[in-house]
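As structure tokens, here come the structures.
You will see chain A twice below: alongside chain B first, and alongside chain C after that.
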Partner chain A sequence: MRVVIVGAGVSGLFIAYELAREGIDRIVVLERSYVGAGSTGRCATGIRASFTSEEHVVLMRESIRLWEEHSRGELGDYGLTFVRGGYLWVARREETLDYFRKLVSLHNRLGVPTRVIGADEAKELVPQLRTDIIAGAMHDPTAGKSYVFTTLRALMKACSERGVEIRTRSAVTKLAAEGGVVKAAVLESGERIKGDVFVIAAGSGSRELLKTLGIELPTKNMPRHIMVTEAFARAFDPLVVDWDTPGAPYTVQSTEGNFFIARELEEEPELSIYSQRIDFIPKALKPIAELLPFLRAVRVLRYWIGYYVTTPDNHPVYGPVKSYSNLFLATGFSGHGYMMGPVTGKVIASWVLRGKPCIEHAARLTLERFEKGALIKELAVVG
Partner chain B sequence: MGKEVRKEHPAIVCRCNDVTVEDVERAIEEGCRDIECLRKVLRVGMGPCQGRTCIPILARILARKLGKKVSEIEIPVVRAPIIPLPAHLALKSIDADEGGND
Partner chain C sequence: MPPSDRRIWEHPILTFKRGRKIRFLFEGREVEAYEGESVAAALYAIGIDVFSYSAKLGRPRGPFCMIGKCSSCFMIVDGIPNTRTCIEPVREGMRVERQRGLPPVPNVPPPGAEEEEVLEADVAIVGGGPAGLAAALELAKRGISVALIQDHFKLGGQLVKQTHKFFGSKDLFGGLRGFQIAEEMASKLASFPNARVLLQSFAYGVFRGGWLGVASRSKLYRVKPRALIVASGASEQYLAFPGNDLPGVMGAGGAQTLMNEYGIKPGERALVVGSGNVGLIVSYQLLQAGVEVRAVLEIMPQIGGWFVHAAKVRRYGIPILTRHTIKAVWGSERVEGATITEVDERFNPIPGSERDVDCDLVLIAIGLQPDTRLFAQARAVMRWIPEVGGPVPLRTRYLETTVPNMFVAGDSSGIEEATTAIIEGRIAALSVASRLLEGSRAARAEEEAEKLLRFLWDEYRASPLLSRARRGKELATVSVEELEELRRRFPPEVSFG
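This part shows the complex of A and B:
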């Protein structure tokens, strides 16, 4: 069996890795740019299971287990790390704590042990936090982070060792099919890459590519801004979200020491990722530096835009498509593709090899749900 | 990787992340074919200098190792603010907008 995967981001590479581990020896990953050039290499690397839909929680709890397992296994030997630093949602207002209590009861019911804590306990987790302007916080001790470039490098090494061919600068312009079977991925150069199974994990490029098969993917590419500072010695572990400020600013210190700082700004979908919006820098810094005053002294190295490839229900599009027998999707992660990477690999590999996902909840996330109107309900969206 | 290869007097390519010529050559031998790959693997060009020192050197090493012309090596996108910007200076613009007194 020859498997063609479109997209060498975290999803495509974890799918290739899992298929190769199951003995598939003819896998090619086609990438239009360089490895991790899309949303993967642009993300803030946070990993959490504290969602409020059963689908997200079940998949992400498994993904966190896999992140830990990988960090201690072969991928860990090649540099993949997972740090269980937690997430801390800071409340500036008392009434926000009531809302957090409702979220916590949802999380706890779904098996994620979040809790509401006071300002003093928050300060124990993040010693630099200003407590005089906060009412308290919600803490998820099971969440964590994993540095994206070491993850990509580990996956590239492990995949290459198993004979996976990763072809960069190989943009797929269309998919060619005959009688409900996809036959080839056609490159810009005109070269046809034939295969028995095709997996589309092309992030923000998935929608245009699937149009060439007449498939409408209901995703929008939502631009999200993020900046990075110089590197410092470890300051604090959790990803800190300023929940009461519009656009939910957040910061996290990467395992390399740099602080990522982000805040959601109103933007039109499809804005070029090469646009410059320099006012983002002070707008994101201000609320975060209020909470963590030492950040006023750091220097910002650069800022960039990455897409949240967003579906109407903020859940990914997984698995097979009705009209083509050998086509599988792993896209539309709505900002959660990096954290879901390991479970995406397992779920899609099992779908390809055994005809069904290894986690039944994934079966609710196929493209068909949008036709049927069976959208997934997230009871509360937190960051 | 940066610290693994050491000669007595190593030639440093990237002073921000302490990367030597040997580190770069080895990454190319391991399969890196462009500057983007070298950045991800060695973290060259991602420090405070933003690659102003190392990118031209990397382009030359890549060209030599791959038998290409330097002009054929793709140069990464330059990102704002280009020169490291102290956060308190960036904040002045917004404090002024909002009538702050910083």
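This part shows the complex of A and C:
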């Protein structure tokens, strides 16, 4: 069996890795740019299971288990790390704590041990945190982070060693099909890459590509802004979210020492990722530096835009498509593609090889749900 | 604390004007410096070689470029880590500490760091070297308001370390030494009320809607200029060999800053890698500063620089070893010696030809690379042109790039030298002026631009000695029609004006 995967981001590479581990020896990953050039390499690397839909929670609990397993296994030997640093949603207002308590009961019911904590306990987790302006926080001790570039490098090494061919600078412009079977991915150069199975994990490029098969993917590419500071010795572990400021600014220190800082600003979908805004840096930095004053004295190294490839219900589009027998999707992660990478790999590999996902909840996330109106409800989309 | 003082008190052609003595704390001990010195220069002067220990491997690091383009001189200054001490002036009572590994997060926020200001200026100019200063003067004298943004605490760029007398007409500062030209241009600019100079300020990016972001020590500025001229200069190219990060391995320009600008001996016994004009001139300047020069290495079969410079170096008995390169340097906290080797026709080391050289200073003089970061970020269409040092933005002869109203001048447009930088700065400014002014004043600016263009291309660059740079600049230059075609193929993400 020859598997053609479009997209060498975290999803495509984890899918390739899992398929290769299951003995598939003819896998080619086609990437229009360089490995991780899309949303993967632009993300803030946070990983959590504290969602409010059963589907997200079940999938993310498994993904976290896999992140840990990978960090101790072969991928760990190649540099993949996972730090269980937790997430800390900081409340500036008392009322927010009531909202957090509701979220916590949802999380706890789904098996994620979040809890509401006081300002002093929050300061124990983040010693630099100013407690005089906060009411308390919600803490998820099971969440964590994984530095994206070491993850990508580990995946590239492990994939290459198993004979996976990763072809960068190979943009797929079209998928060619005959009688409900996808036959080839056609490159910009005109070259046709034939295969028995096709997996589309092309992030923000998925929608246009699937149009060539007449498939309408209901995703929007939403520009999201993020910056990174210079590196420092480990200061604190959790990802800190300033929940009561619009756009929920957050920061997290990478395992390399840099702080990622982001905030959601209102933007039109599909805007160029090269149209940085001059107001972003102060807008993101000011509120988060109110909580963590040292950030005022830190230099910003880079600022970039990446897409959240969002679906109407903010859950990914997984699995097979009715009209084509050999086509599988892994896209539309709505800002959660990186953290879901390991479970995406398992789920899609299982679908390709055994005709069904290894986690039944994933079966609720196929493209069909949008036709049927069986959307998933999720309340907290951040980081 | 080593008792040595590396300051030069007698020099054959230079006299160093030192400011008043001040005191500051280095690693908790009081040390002396002279006002006007950078922290890096002041520490180097009193024998400090190690400025930090690297983040991952804890390797000793000392200054390399001395002009704010690299990260080799990072230290903790008044509690703020990763401060580029080569562009940080000494101040009475300041606290300077070595970094050891990744620094802790700072504990003292700088005052007023959150203030924001919209800066009003017709034209923003990035870089206060010869090109930026020339552009600013040309615009300011025509009544156009300019904001000149300079990362250093002084204006002048690399002119301040050029000790030779310039050729050419009075118009081009012929007969003056580089640092004198810098002084003259800076003081003239200060006389224009419509020219605002922001020192210790960084143009950190161009943004949607034609904004330029500028970060100074106390404020975050935003400027929406009608035109942007980037004259951000160049940085030293690097060479890979074991030990290349040891203190004492320095860019040739870094050593020039120390000895020519601050009057500080960069070492006692030097090995120079590269025999281009910079390598040859720096060798001669080392001798003037009282430094012994062991050899100049050249990997090619022939000397890279002009005969006049090579002859001068040879006259003083310095061997210029062609087909030679550096293999390694060694030392614990400072260069203690180097191994050099002969190379074959394909530049591979010839086994058995290695020789050890006793030296404490290794200068890298293998060329410069244009600083084009703002163009890359603005997604100007660039081309890799080895003749001018690497990737440069494509531009018309009027120096406009594919980003509308974003101009380039000086070394950031491709490596040449200070005179062409001045001419390019003026051409860019005149091109801008011809757009911003009206009627006869616009026409006059255009005429002057054409006159300068004719001089630059038909006379100045016609010299056979400049043929390589000329070829590079030709490759980087497109016609107005070609520029429009490039803009159609690669639509600009941002534009000014």
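The rule is simple: the second predicted complex is superposed on the first by the 378 of 383 C-alpha atoms of A that agree within 3 Å, B and C clash if a C-alpha of one lies under 4 Å from a C-alpha of the other, contacts with A are read in each partner's own complex, and residues count from 1 in each chain.
Keep in mind that, in the parts below, a contact is a pair of C-beta atoms (placed from the backbone, for glycine too) under 8 Å apart; a residue touches a chain by one contact, two chains touch by 3 or more.
Predicted, not measured: the structure shown is a model, and the values here were computed from it.
**Q** Here chain A is shared; do chain B and chain C fit on it together or clash?
**A** Result for chain B and chain C: clash.
**Q** Does chain B (first) or chain C (second) touch A:G257, or do both, or does neither?
**A** Second partner only.
**Q** Report the partner of chain A that touches more of its residues: chain B or chain C.
**A** Chain A has more residues touched by B than by the other partner.
**Q** On the A-aligned overlay, A:A233 touches which partner chain: chain B = first, chain C = second, or both, or neither?
**A** The second partner, chain C, only.
**Q** Touch test for A:R101: chain B only (first), chain C only (second), both, or neither?
**A** neither
**Q** Under the stated touch criterion, which partner chain does A:K283 make contact with: chain B (first), chain C (second), both, or neither?
**A** first
**Q** After lining up the shared chain so the two structures overlap, which partner does A:V35 touch, if you call chain B first and chain C second: first, second, both or neither?
**A** The first partner, chain B, only.
**Q** Thinking of the overlay built on chain A, is A:Q128 touched by chain B (first), by chain C (second), by both, or by neither?
**A** second
**Q** Does chain B (first) or chain C (second) touch A:R192, or do both, or does neither?
**A** After superposition on chain A, A:R192 lies in contact with neither partner.
**Q** Per the contact definition in the header, classify A:P293: touching chain B only (first), chain C only (second), both, or neither.
**A** Second partner only, chain C.
**Q** Touching A:R153, do we find chain B (first), chain C (second), both, or neither?
**A** The answer is first: A:R153 touches chain B but not chain C.
**Q** Determine where on chain A the residues touched by chain B overlap those touched by chain C, and list them.
**A** In chain A, residues 230-231, 274, 276, 278, 281-282, 286, 289, 296-300, 303 are touched by chain B and also by chain C.
**Q** Quick one: in the complex, what on chain A touches chain C?
**A** On the chain A side, the touching residues are 128, 230-233, 235, 257, 272, 274-278, 281-282, 286, 289, 293-294, 296-300, 303.
**Q** Going by the contact rule at the top, pick out the chain A residues touching chain B in the complex.
**A** 33-37, 41, 149, 152-153, 156, 160, 168, 229-231, 256, 274, 276, 278-279, 281-283, 285-286, 289, 295-304
**Q** Can you name the residues of chain B that touch chain A in the complex?
**A** 31, 33-34, 36-37, 40-41, 43, 46-48, 50, 77, 79-82, 84-88, 90-91, 93-95
**Q** Where on chain C does chain A make contact in their complex?
**A** Listed in rising order, the residues of chain C that touch chain A are 55, 79-82, 101-110, 113-114, 116, 204-205, 207-209, 211, 213, 220, 222, 379, 493-494.
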